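Both of the next two complexes hold subunit A, though its partner changes from subunit B to subunit C.
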Partner chain A sequence: MSPSSFQVTSRLIDDVAIIYPRGYLNNLSGENIVSECARHAQAGVRKIIVNFRDTDLINSIGISFLLTVMEDLRDAGGTLCFSGMKKAHLDTFEMLGLTKYFLLFTDEDAALRALGGGQV
Partner chain B sequence: MELRKALFNIASLSDLGGEITSEKDFQEKLKSFLHVVLGTFLASSGAIACRDRPDGRIVFAERKGFEKLAPQEIDLSPLLAAAKNEPYRPDGGSSLRAEGAEAVVPLWVKDDFIGFILLGAKFTAEPYTPEDFEMLVVFARQIAIALKNHALFLDLTEKLEENRKLYEEMRRIYHDTLQAFAAAIDAKDVYTRHHSQRVARYSVAIARELGWSEHDIEGIYVAGFLHDVGKLVISNELLNKRTPFTPEEIEEVRRHSLVSYKIISQIRFPWKDIEKIIRHHHERLDGTGYPDALKSEDLSEGVKILALADSFDAMTSQRAYREKMDVQKALDELKNCLHRQFDDRVLLAFCRVLDKEIRGELPEPDILPHLDRESDLSVISSLLQGLIRELSDNDADG
Partner chain C sequence: MPLGGIPEKEFVNREEELCFLRRLAGLRRDGLAANVLLLGGRGSGKTELLKQLCREVFWEGREVVPFYYSFRTAALKSATFAKDYFTRFVKQYIAFVKKEPLLADDAGTPLRRLAPLLSSEGLQWLIDAADELEEHTDGGDLYGQVLSAISAPAAAAKRGGRPVLVMLDDFSASGRLYEARQGDSPGLVSLFEESMNNRLCPHIITGSPAAGLEAIFSDPALRRETERMRLLPLPEDAACDYFTGLLRKMQIPCERRAALLLAGRVRGNPLYLRNMAKAASKMKKKVFGEDDISECYCSDIAFGETAFYWTSVLAEGIPSRGLARTVLKLLMLRLDKPGMENAERLSRVLGVRDADLGTTLDLIEANGLGLCDDPVFDDFVRALFMKQIEGRSDDDIREALGKRFGEQTDDSRFEMVIPMTDQAELVAARAVEQIGRNLSLDQDLLNSIQLALVETCINAMEHSGSYERKIRLSVVSSAERLEIAIESPGRHFSLDSLKETPVEEKLAAGKKRGWGFTLIRKTMDDVRVERVNDRTRVTLVKNIRLVRDGKALK
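Let's turn to the complex of A and B:
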């Protein structure tokens, strides 16, 4: 996958939106993750899981967009869960003191169960 | 944790470097710069301001948040008084603090104030640390240089465009002068009106068909315009004489190519050998031409092109002493004089380009508009097809 390749898809299970960022979250196309979350939030969704299973890289630009996601959901009074994060990314988030702004799960199913959403 | 933080900072600087050197549109780069800074310092809002063109006023080149802040209302004096590229926290009473700015960095390159970076509060609500400010200095220097380089690039682009316009204007004046000169030459003889212009256009068409560069095509165009400049020294009576020339008169008329050469040699043209092309445009491949009786191997392709273009126009134009030929007859004549007077590759190119013009394959025809309107184009086209076949076979054999 090329360093500029980044795609975001999502699905809705009951009242939980699951966001799938794929590729390198390291450039302006990362803005799609913000717009995808905003689209669900505008539809009234307040529980969002971002599944990082297929996210290979997160750099400072990616962190900037994830900050916006966190901020938007915090302002809307919602719950944000991250799942499938690679250890290196998680270490960075921990070092930056960001892990208290989302719930962390090893996988999507665990996050869904915690949020009381439907089964996969 | 300190090591991890240091590595993160290095990675962020590398992110910024990558964006600076990327081939993105500059506005996209600016947006990326801002997000690198926001992501590195966990700022919820931020802006990069720089000087606008052409009036130099400060504008926000990119921002997230700070929508209510009007750049022209910002008091720049504290920014200008602050240390270059050193972040500071704006005073409590300032408009910047009122709009949520927690850190400001004036951007300088040497003595040029480039703009500034604003950062709002951190997402984590923690204050900016001295270490953050130290790191911000490094970011600011790089962003300042990138902004300065972009401004220099725009300056150069503008100057280049000004020069291009100036060059085009000079070129237009130059061509107008050439045309005026050619008109003066052609006016000597009532029967050769627009002859130089037509020879120039025909020569261009042949040269282009032969694959000449645009630079060299312009050279042959100029040669076409000026090839008869030496006729200015020949008397009007002689040029317009209706009865056959005496041997002395023939010698006098033939002087024009040498006179043209002498005149043109005084001008430093940007094209190679233009004066030689003009000197030899009445030479023949068999060595019976003038002024130097050169043979084919001593004649350049430019000479051969101009010779054919000049002859074809002379044949298809009315003269004081004879009627004009129709195009078919002129083509026959060119063919009959092949190898003795005209080069087969040049004639082939001439036939090909004229055929393309007749078939409407060329958007701006050079030859067709000047041909006799009575001409039967279908007959000419079929004659050209035959000639092209014949000359192509010769070309393949030879």
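Let's turn to the complex of A and C:
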């Protein structure tokens, strides 16, 4: 793990928004993810994948923001998927007993397939 | 009167403290300084500092009268104490006036025999004070007796026109002054208030354990107009020079690297350094080199003056032999299994009743043995445990300590301070990453250690509430484990206060925060939270097994 400063980018494939958090996911960057997801949700997107392939470290505050995203999206009738999680990320979620609350996929394609080509 | 002490040349690295204390009488008179509560670990040189000060003030002027009193050897029955305190004061006063130290040291001479001398020196008022004390004694007025004695320096300063510098050593024992039987007069020590508030009579007060002193000074009457001065361990170079100088006096040349290693091992504690030098002399060392460190250290810790010192401290603080064994077992258990604090479990492991465990814990606390943070004391505990509980032979003990000494010398310690600012925890995480790489730690293991460290730092930053926005970290690695201590100022917390809520319950309640300590606990093998003075210290321990030719795995 070599935590670096945080960036968040995203792209839209059909009706699925894919978020790429990069670097260290903490309180500051957690807010960025929440607002990026909210931006897509306001535009009517109900399917979101957060791809953690470039995320170095997720701390407990970062996790709390992911829970916020999950809750917001669920309230709006949407689905949140995670992909590209490293072993360290998975271990963290496992330790906290949170894996069952998220849809986890090894990679982005698998998540996209699971989201059924745009069907919620 | 302690006009001996070690030679001035050997009293190193205390110039600043000594300079300030030398000027204390003048500063206090002008309202620019308060009384001084001198704090420092055992063996850090508090008593020696008072001795040096006393000697300087005694010989180098006529304006300030030094008065030194140690509660260590004092009788704590208040009537006896009052007489002793007063007598010593009068003798030291006249010794100063006449510049004849023998007058102070002559314990056998009754006070009335000094009357002609006092009179000839124009100190009739001291005779009057003695008469007043006697009246209180004859009248059975215990309060008046103690107050008269304690106030004698302040009264003398007023009558004699010279400030009196009062140095009270081992003051923690003063809390045990009693009237007829121990514990019957817990407030007697507060009678020092009047004397301490007199600006012509500055007090310098010290003793061990620090917790005992702090407890006495929780009394607002004493706390007022008192400031703390901390005596820190000798820095490496000063400790090295000190040790080398002692050996030079014993005609033993010393390799500088050996002196440095030993100084590091005893953390610059002057008492230990002195004891180790004596051990080298007793062992008739021709030269002191790296190969001699372990032998001298282990011998001194197990059978030498350091062993004697700590045995005396334990005997003084824990009078019952049965309890002393339980204390020893508990101290050893804490070394072996740090963090085991559950009372029920402790009772079971130690084989003692809950009430006895409570007494044992109280004794450890009262004698300042719980938070010693002194590796030499830890080794002494190990040696004593082997001797008294396991019944091992002297050779066995030497061998075991020597083996441990060798292992510990391989330790490497890193220290850093990070500000409480955004993402500063990443700097700490990166440092630990490099330390882990040096040890060839497995990446998964390293990730989990970094995560625990990040969480602990965040916790300190969020909850400290201190204006000192800094976190101190130390990382110690050995062949067996990696230990990270994170110290932060401000608000204290304990693990007990952190209730773990099941995930379902937490999510149902809409709580998204509060995962940090769960992560820390699940990631590390041991997590300890202690209060160290005004700081909270969280110690994270990860057991590792180094594999020389490959990765280090848990």
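We adopt the following convention: the second predicted complex is superposed on the first by the 112 of 120 C-alpha atoms of A that agree within 3 Å, B and C clash if a C-alpha of one lies under 4 Å from a C-alpha of the other, contacts with A are read in each partner's own complex, and residues count from 1 in each chain.
To be clear about the criterion, a residue touches a chain if its C-beta (ideal position, glycine included) is under 8 Å from a C-beta of that chain, and two chains touch if they have at least 3 such contacts.
All values derive from a computational prediction rather than experimental measurement.
K.L.:
Here subunit A is shared; do subunit B and subunit C fit on it together or clash?
P.N.:
clash
K.L.:
Considering only the touch criterion stated at the top, classify A:A43 as touching first (subunit B), second (subunit C), both, or neither.
P.N.:
The answer is neither, since A:A43 touches no partner chain.
K.L.:
Considering only touches as defined above, state whether A:Y24 meets subunit B (first), subunit C (second), both or neither.
P.N.:
In the superposition, A:Y24 contacts subunit C only.
K.L.:
In the superposed arrangement, which partner chain does A:I61 touch: subunit B (first), subunit C (second), both, or neither?
P.N.:
both
K.L.:
Can A:T92 be said to touch subunit B (first), subunit C (second), both, or neither?
P.N.:
A:T92: touches subunit B and subunit C.
K.L.:
Go through subunit A and flag every residue that touches subunit B in one model and subunit C in the other.
P.N.:
In the superposed arrangement, which is not itself an observed complex, subunit A uses residues 26, 28, 59-61, 63-65, 67-68, 91-92, 95-98, 101 for both subunit B and subunit C.
K.L.:
Under the stated contact criterion, what part of subunit C meets subunit A in this complex?
P.N.:
Going through subunit C, the ones touching subunit A are 422-423, 426, 429-430, 433, 443-444, 446-448, 450-451, 454-455, 458, 503, 507, 512-516, 518-519, 522-523.
K.L.:
Note which residues of subunit A are touching subunit C in the complex, please.
P.N.:
By the definition above, subunit A touches subunit C via 1-3, 5, 24, 26, 28, 57, 59-61, 63-65, 67-68, 87-88, 91-92, 95-98, 101.
K.L.:
Which subunit B residues qualify as touching subunit A in the complex?
P.N.:
Residues 1, 4-5, 8, 11-12, 15-16, 28, 31-32, 35-40, 42, 44, 64, 123-124, 126 of subunit B touch subunit A in their complex.
K.L.:
Flag every residue of subunit A that touches subunit B in the complex, lowest number first.
P.N.:
Within the complex, subunit A contacts subunit B at residues 26-28, 59-65, 67-68, 70-71, 91-92, 95-98, 101.
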